[in-house]
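Naming follows writing order (A, B and C), and every chain is counted from residue 1.
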Amino acid sequence: MKNLIKTAVFAAVLGSAGAVQAQDDLRITLIPGLTTDAFYITMNRGAQAAADALGITVDFQGAEEFDPVLQTPVLDAVIGRGPDAILIAPTDSVQMIEPLRRASEAGIPVITVDTFIDDGKYQDGAGDGDFPFSYIASDNTAGGRMAARYMANQMGGEGKVYVSNVRPGISTTDQREEGFKAEMAESFPNVEVLGTQYNENDASLAASQFQAVLARNPDISGVFGANLFSALGAANGVESANKADEVTVIAFDAPTSIVNNISSGLVDAAIAQHPAEIGYYGVMTAYAVLTGNSVPVSIGTGFTVIDANNVNDDATAKFIYSE
Amino acid sequence: MTALLKIDGLRKRFGGNEAVKNVSFEVNPGECVVLAGDNGAGKSTVIKMISGVYQPTDGKVYMNGALLTGKTPEAVRTAGIETIYQDLALADNLDPGLNLYLGREAVKHVLGVPYLDRRKMREDAAKVMLSLGIVVPDPTAPVREMSGGQRQAIAIARAIHWQAGIVIMDEPTAALGVPEQREVMALIERLKKQGVGIILISHNLPDIFAAADRIIVLARGVVAGERRPAETNDEEIVRMMMGATL
Amino acid sequence: MTDNTVNGSNTNIKPGGTSFVRSLLNAWSWLFLILILGFFEIYAQTQTGSTLLFRIYNLQAISIAASQILLLGLGLTLVIVAGHIDLSIAFSTGFAAVVMALIVRTAGADADWVTVILAMLAGLGAAALVGAVNGWLVAILNVPSFIGTLGTYGIARGAALIVAGGATVSIRNDHTRAFGNGDILGLPVPLVVAAVLTLVCHYLLKHTRFGAHTYALGANRASVERAGVNVKKHLILLFILSAFTAGIGGLIYTSRFSAGAANAGEPILLYAVAAVFIGGASLTGGQGTITGTVIGAFIIAVIQFGLVFCGLPPYWQFVAVGLVIIVAVLVDQSKDRLMGGKS
């Protein structure tokens, strides 16, 4: 189903690219959650590939921390500059509604990538954050479920696990946690999910939190890192405690370091998103809007599970986020 | 002529240590009394009892016949005793006017809203400094840009402006160069001419002889002796400071 | 009969020439602001064909960003002039934001103006409480303000997170949204609020006894004590004031973003401190003005906006702000040297 949507968009865009050739001085700005994360850097790569294919320009402007207080002034300045469209990964599903509304009211189409505002369901007449044209991301809930299934299978269907997360209010990580917990509750009742630990995207805090959980629960057998730094931090904690054999660590996202982490056994598996695809379809969708086409209100990109079995395969290599 | 300031039998005990045992003296208007003594003789303790920072264990302080003992430092200031400590207690970043009026700033009202009246304060400061023989070239400049002698003058100007009857000066020439020391001595002369009574604390012999009308030597908490400069010499003063009694 | 000399020594100091140089140095931050505005405008015109200065939207965006920094920096200016510092404003903002949001949310989606105002007062009360604790630590317990406010930085942060349950507290209220995103007489509300507060703080610092004592405190605490001023009370009021202006920043935040976040003020803290020092304050106290802080806030806001607007890498803003701070200190030092200090 997702593939069908993707193909449809692609076809529509190719069609319109052929039909309207004078639009090649379009300028789109991509505002990531933060500029220093391999995930968004890879997303920008995909966006630039789409830009090249279409002959338009895509700028990459953002803050260096995942924080609405820092993202808003950047957004304001971008609006001042007046791009033809804005692709943005909003850093808070509530707080970015008003700032983005300003963009929309200034006549700049908004498309959210990776994270969403409000309920994520746009153009349906309900909610305050209804104005964006599309939401393009991995289906994070499904990704969370994938992680739960993989972990449960590694653990033989029973044991204690917990989720290492960033902070509540980020749509993507919230959904991954939801999916993970839902899958465990529905399909693996013998797995006990302990309380979630929030680390504000600080890997060292995630590491010490693992130590604390381990101290209270010596029989801990799994950690799910809902984003990159959470997983790295928890994995570090696992390693310092010499528990790499007993504890299954599943990470979300796959930067280059993940290859080492998986090969060495520190991380058992990574759910890799396809950020390049998100960036690519983001630009394509924006182009479609700007050339007068209607677009699907949501596009879901897929995942690849990377583990010791396929980490060194060529086919997997392209899903590793590069810097 | 009744004494302006009369100190009678002051005693101060700190726990087991009696810093001041029994000190009595008088100060008349236009007169400079020097409290001489070595470190630890009790000079600052006596001063602090006069200015209200310490409460005496025993004894009384009278100003113009009225009892002053036991009052707060603010009340003592209002009664007309101004104390100038060694560090002058000036705010270096403020101009002479604000320093003169510190704590009792002049305020004007514009449409009912109070505003600091900086001009009045500056003008008053310039006037008072003039009466001490000093021209302030830039009354808007912060006090830190002035020489040591001029800063001393501002501290003294405070006393004059608020019409102090008694000015107490604690080691006013310490840390000053020679020309400035002479300036301070000249200021003290002008103060005396205006009828102000001065208590000077010093253990610098040249200053003591230059400024004093009377020298009161303290040693170990008691008055070791009282002399006029003409009646004595360096050696006798030093001996009294060391503790040899009358 | 007047004379300039006392006992033969010259008591005049060098007049004239130094006051022109002094005025120039005092005006350096104005000049710098004009310079960077000019730089960005020229860059924007020549490289991107657009204008930075001549669009209302841009000026509004810059002003709102500057207002955010100002609201933390206004009360802080007085504290720094008095020779202290307040790090806890980072979370006084968030604490106020969270308390206000919590009350508005609990009252329901159709909370009326009265409820909103009560919620704001409660938020301010929470911030003032942090200020009172700071005042107590510094004035009564004589804890150095850097350390004391570092402690309350943590306590306010924790308190805000506890009250918020760890997350941001989102609200839905037409009144707050209108307040945070609307206009008064054509100007954005946050800007008007900041402007009013700026005038009040300027008046306080420059034209009242309170202000004069604040400057004196920074130069020489003993001078103020000897003058009979209740220094402890003064210090407590100063810290409550700085928490108060930061708290107002928190209320505006909640209104603008329809959510109260515990760390609303945290990224702004360093910019606020920088703005105060760019504005002429000195680490040891006794210097600094509200006007200076305003210019400092605008310099930072213009740099932030200008870099993104011109498509330059935003990391340069950190270099730029850092450089401006260093220049500020150097200008300050050369002012001292030119003036001669104590002889």
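Here, contacts are C-beta pairs under 8 Å (C-beta built on N, C-alpha and C of every residue); 3 or more make two chains touch, one makes a residue touch a chain.
Keep in mind that what you see is a predicted model, and the values were worked out from it rather than measured.
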Innermost chain by mean C-alpha position: C
Centroid comparison with subunit A (C-alpha atoms), farthest chain: B
Top chain pair, ranked by how many C-beta pairs fall in contact: B-C
Separation of subunit B from subunit C, taking each centre as the mean of its C-alpha atoms, in whole Å: 42
Chain centre separation (subunit A, subunit C; CA means) in Å: 37
Whole-Å gap between the CA centroids of subunit A and subunit B: 75
Overlap residues in subunit A, where contacts from two or more other chains coincide: none
Subunit C to subunit B touching residues, read off their complex: 2-4, 6-9, 11-13, 15, 19, 206-209, 211-213, 215-216, 218-220, 222-224, 226-229, 286-287, 339-343
Residues of subunit C that touch subunit A when the two form their complex: 48, 50, 52, 55, 57-58, 61, 64-65, 166-168, 170, 172, 177, 180-181, 256-259, 261, 263-264, 266-268, 301, 304-309, 311, 314-315
Subunit C-touching residues of subunit B, taken from the complex the two chains share: 73-74, 77, 83, 85, 87, 89-94, 98-99, 102-105, 107, 114-116, 130, 133-135, 137-138, 141, 144-151, 179-180, 182-183, 185-187
Residue ranges of subunit A in contact with subunit C within the complex: 35, 59, 61-65, 67-70, 73-74, 76-82, 92, 94-99, 106, 128, 167-169, 198
